[in-house]
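Have a look at the structure that comes next, please.
Should a chain be cited, it is by its letter among A, B, C, D and E, assigned in written order, with residues numbered from 1 in that chain.
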Amino acid sequence: MELIVSIISGVCLLAGSFLVLSGVIGVIRFPDFYTRIHAAGVTETLAASLILIGLMLIAGWGIVLLKLILILLLVLFTSPTASHALGKAAWKSGLKPTNLKQRNEDRN
Amino acid sequence: MILDLFNYWVVIALMMIGFFIVIARGNLVKKIIGLNIFQTSVFIFYISAGKVNGGTAPIVVEGAKLYSNPLPHVLILTAIVVGIATTALALSLVIRIKANYGSVEESVILKQDKL
Amino acid sequence: MALIITTITLLVVIALALIRAFAGPTVFDRILAGNLIGTKVVLIIAVMGFLFGRPDFLDVALTYALINFISVIGVLRFVEITRRSREEDKS
Amino acid sequence: MISHLPILQVIIPLLGAPACLLLNRPNLAWLFSILVSVLTLITSIALLMQVQAQGTISYMLGGWEAPWGIEYRIDFINAFVLVIVSALGAITLIAAKDGISKEIAEPKQPLFYVSFLLCLAGLLGITATGDAFNIFVFLEISSLATYTLIAMGDDRRALWSSYQYLIVGTIGATFILIGIGLMYMMTGTLNIHDLAERLPAVTASNAVLASYAFILVGVALKLALFPLHFWLPNAYTYAPNIVTVFLAGTATKVAIYLLIRFNFDVYEISAPQFKYMINMVFITLGIMAVIIASWTAIYQTNIKRMLAYSSVAQIGYMILGFGLDSVSGLQASLLHLFNHALMKGGLFIALTAVALKLGKVELDDLNGLAKKMPWTFAAFVIGGLSLIGVPLTVGFVSKWYLVVAAAEQQQWYIIGFVLLGSLLAVIYIWRVVEAAWFKPPKELQNAAGNVTATTSREAPVLILIPLWILILANIYFGIDTRFPVSISQQAAQLLFGGA
Amino acid sequence: MLFSIYGLISASFFMSMDAVDVAFTEAAVGAGVSPLLMLATLASVGRYQKKPTDPEIPKVALLLVIITGILLIIGTLDMPAFGAADAPAHQHVAPRYIKESPEEIGIPNMVTSVLASYRAYDTLGEVVVIFTAGIGVLSLLNFRRRRRNIHLIDDIIAIDEHKILRIVSKILIPPILIFGLYVQFHGDFGPGGGFQAGVIFAAAIILYVLFFGVKYAHQVVNQTFVRVFSAIGVLLYGSVGVVSLLNGKNFLDYHVLAENPTTAQHIGILVIELGVGITVACVMILIFFSFIENIEKVIQELRK
């Protein structure tokens, strides 16, 4: 039983790591702000949840689990909100998404 | 042997970056940022000095024999507070300077008043 | 083992996000990178707590998560306020 | 309660400050802060007497014994400095009510008194403590309060001076912090007494030398030692007058005390191979400070600025005393510390009175003013004579001891420079005296601009009283030299014998 | 913004160095408070114009910096190796804190025991420093009487309404406040304490101001309230010391507070941490209000 739990937790952690990594690669590679926020915002929530769930599985019952749940809740609340606020603020400030089609045509 | 001190040297490099920004930059806000970096690097310096290999955080837990040195932590807690106090005061001075001189560039201010 | 891999990945991620923070080009990109680093630091601390066998560090992680949110939101707000007052300046 | 004097000394103004904020009425706050400062003064005098009776007092804060808890350690030297600082604090506060009435808006006045008390508490704390890190904390209290006080000046240049001082001061404090950190790494203790005992074991290490260098530079920045003095003239000139009085009398004195403490107590034996070099550095810097700063002072038209440069020069004399590295040299430094507080305090209060009448203290505006304000300018003349070092004033006493100390070591050239410095002082003081007493008043300008200057004559009594207290002290201690001389001698012997 | 990242990273560095409490504080200060203050300043100072810096100064500065750096590196050459357990710093004073504080003070967090008991006087100094900064900011920025109930900033806040953010912060603020209390009183057992709690508390208020406007915030915490309580925090701290004085013990000797020495230490630490928390929270809010008000002033001048 313990083995299974730790395997599941390991899988969760690794999957989380992978997502985080893919997210940041997106942030680096994507051409403009809105695509980047997409990469970051979307992966972030799931990745954080996966990693935290992985930790929860190791933690076992107790105050630690409670704290992890609190962190998870907090992340679930704040992370999408922050992304939303960021996107909205950028939009209102007049930042326009790059028109990829246009740019590709320009390059050619 | 040399590697043993590597940590300190990185801190020193950081410290000097901060110090350089303080004395070389003309923008008053940037000076304050430099000052902050300078101070933080000193904090890191202290904390590095408090680290004991194999030690753990100085909160009693069962089974732990070796703890890191708590004294530098205490000192730095105090120093961080002092740092933020200084920063707040400095920033409000900058705001007043801007209101009175219309600029936050050192050279512009000096030109205006021939200090 | 998985913990160590996770830690290393998170460190790499922070390093990569730093590139974006330096590169910009807009303020919002920097804030985005900052937010990214913030949440990653929260995770790192949580993972490190387990790695060192001191899960009571989670308090710190919790505070980080809070402070990170507040500062990202606050920074955004100030960027907006600055912009609005500039716009009034022009009009 | 007697055994708790060391802590009362600092805690009275420290807790008086927030209480003062709660009052929030200018006059009430003024009365309250005078009460606090007088209590502080009484404590410091009692403390000095206690030290004379029983020798060094050690007080354990929180009841934890020394290297673990924080210790207050009062010996002759800091008891002496405590008296100077708290006396100047009390005297300055008496003059403060009228002194700040024009410069600081009424709603801000309570804040002025709060900051003043905090500054006083910080300076006293630095002096009284026997713990290296505690020095840093109280240094920052006093510095932050000082920046606030300077920025309260009504000229916009006060803001810039305050900012400049803030940057320099913080760099200095951080340097001191680095120095303390290095010392801690090498010895594992923060208690100064403990440090002095443990440092000899690690004497030869670079880290100790580096910490010495950092503390030296950090304190020198705070001290406005000659090449690092650039912030001081601005800060003194544009600060509110009362603040200048207080700072000139106390802040640099406390920095000098720190230098003495670290130089002679902590590092006394730790760097014998560098001792000679360091002494030479002190002597050279001291001489350069005396000559160059006095020379610059001659060309100033703003009298506050002139006296500020003169302060830099006087700090030079004190450093000169250090460099001689003998009991009599150090004694001369300590004496000068005391005397300089008296005379600069007096001179700056006189300027406060002038500024209250004229709004500024440019040399040209003083013409003929002495006839209108005879008491103020009589005081200024006596203070000036003291600054020059004329016999029967305190200025003479300390210079005499300095000359004797130099003669002991047959360093005759130092005597020459001291005399040259005095000559330069004659010139800049004379310019003021000449303008005030012997030049005809500029009626034209006065009639056009300033009605109050002609109608009201002498400065308010509340300024004249503290002014003349200081001036009479100048003369009294110039004639009856027993008190400062004996104390400073005991202090100097303690530092050389006890280390 | 880079600055905030710097704060976060240095905080995680502290974490890896076992300095949990320091990491906690640096997280709150380096990543939270100081970037916010910086931006508040930039909001009223305006973005700087790019200007070529004077080419002369950097050379001198560079030289100075290099000299200092070399001096420091020489200084570190014969220092005990990083992390060595036999370094003098770990031999002399600290062992007592580690070995005996759990019995003498009776709380597991050694940092708190040293901070609030062995070196409690330093902490009093720290509180006074914060208080001094508060006074300084007050005297610098609040120099004119405020006009009642006109809050220009509220108009600006209202333009970008952010409904989602409002709702989220409404949900979050009460838990943040509770968490602040938890940090305040849990400092004995885990990382945390008065200072961190004060900052978290202030952060919650700041969040509120940013979304609901100064007007409503003032109804809860107005200037006078904050002013008075920042002084009361310091006095509360000091009064513990005065109580020990009056009972004939040394200043800040907690043993007078109760018969049992560890109980006495507990009470003492609790009270002073409360004092710290109150002062820090109030001063932070005070500073923030002053900065906000100044932005208003700038806007008002622009409108003229």
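Assorted remarks:
Going forward, a contact is a pair of C-beta atoms (placed from the backbone, for glycine too) under 8 Å apart; a residue touches a chain by one contact, two chains touch by 3 or more.
Here the structure is a predicted model, which is why all the values come from computation and not from measurement.
Counting only chains that touch, the fewest steps needed to get from subunit C to subunit D is 2. Among the remaining chains, those touching subunit A as well as subunit C are E. Of the two interfaces, B-E and B-D, the higher number of touching C-beta pairs belongs to B-E.
Each chain gets a centre from the mean of its Cα atoms; the one farthest from the centre of subunit D is A. If each chain is reduced to the centroid of its CA atoms, subunit A and subunit D end up 59 Å from each other. Distance between subunit C and subunit E, defined via averaged C-alpha coordinates, is recorded as 20 Å. Once the centre of each chain is set as its mean CA position, subunit D and subunit E turn out to be 31 Å apart. In subunit A, the positions touching at least two other chains are 78, 81, 85, 89, 92. Under the contact definition stated at the top, the residues of subunit E that touch 2 or more other chains are 20, 40, 42, 46, 72, 76-77, 79, 87, 89-90, 93-94, 97, 119, 122, 125-126, 129, 132-133, 136, 140, 160, 165, 172, 190-191, 298.
In subunit D, the positions touching at least two other chains are 133, 137, 140, 144, 147-148, 151, 178, 184-185, 190. Contact between chains, per the stated criterion, is found for A-C, A-E, B-C, B-D, B-E, C-E, D-E. Residues 1, 4-9, 12-13, 15-16, 19-20, 23-27, 29-30, 32-33, 36-37, 40, 43-44, 47-61, 66-78, 80-89, 91-96, 98-99, 104-105, 107 of subunit B are the ones touching subunit E in the complex. Against subunit E, in their complex, subunit A makes its touches with residues 77-78, 81, 84-85, 88-89, 92. Those residues of subunit B lying in contact with subunit D across their complex are 19, 22, 28, 31, 35, 38-39, 42, 45-46, 49, 71-72, 75, 78-79, 82, 85-86, 89-90, 93-94, 96-97, 100-101, 109, 113, 115.
Subunit E meets subunit C in the complex at residues 1-2, 4-5, 8-9, 11-12, 15-16, 20, 23-24, 27-28, 31-32, 35-36, 39-40, 42-43, 46-47, 153, 156-157, 159-160, 165, 169, 172, 176, 179, 183, 186, 190-192, 196, 200, 203-204, 206-207, 210-211, 295, 298-299, 302-303.
By the touch criterion stated above, subunit D contacts subunit B in their complex at residues 133, 136-137, 140, 144, 147-148, 151, 156-157, 159-163, 166-167, 170-171, 174, 177-178, 181, 184-185, 190, 234.
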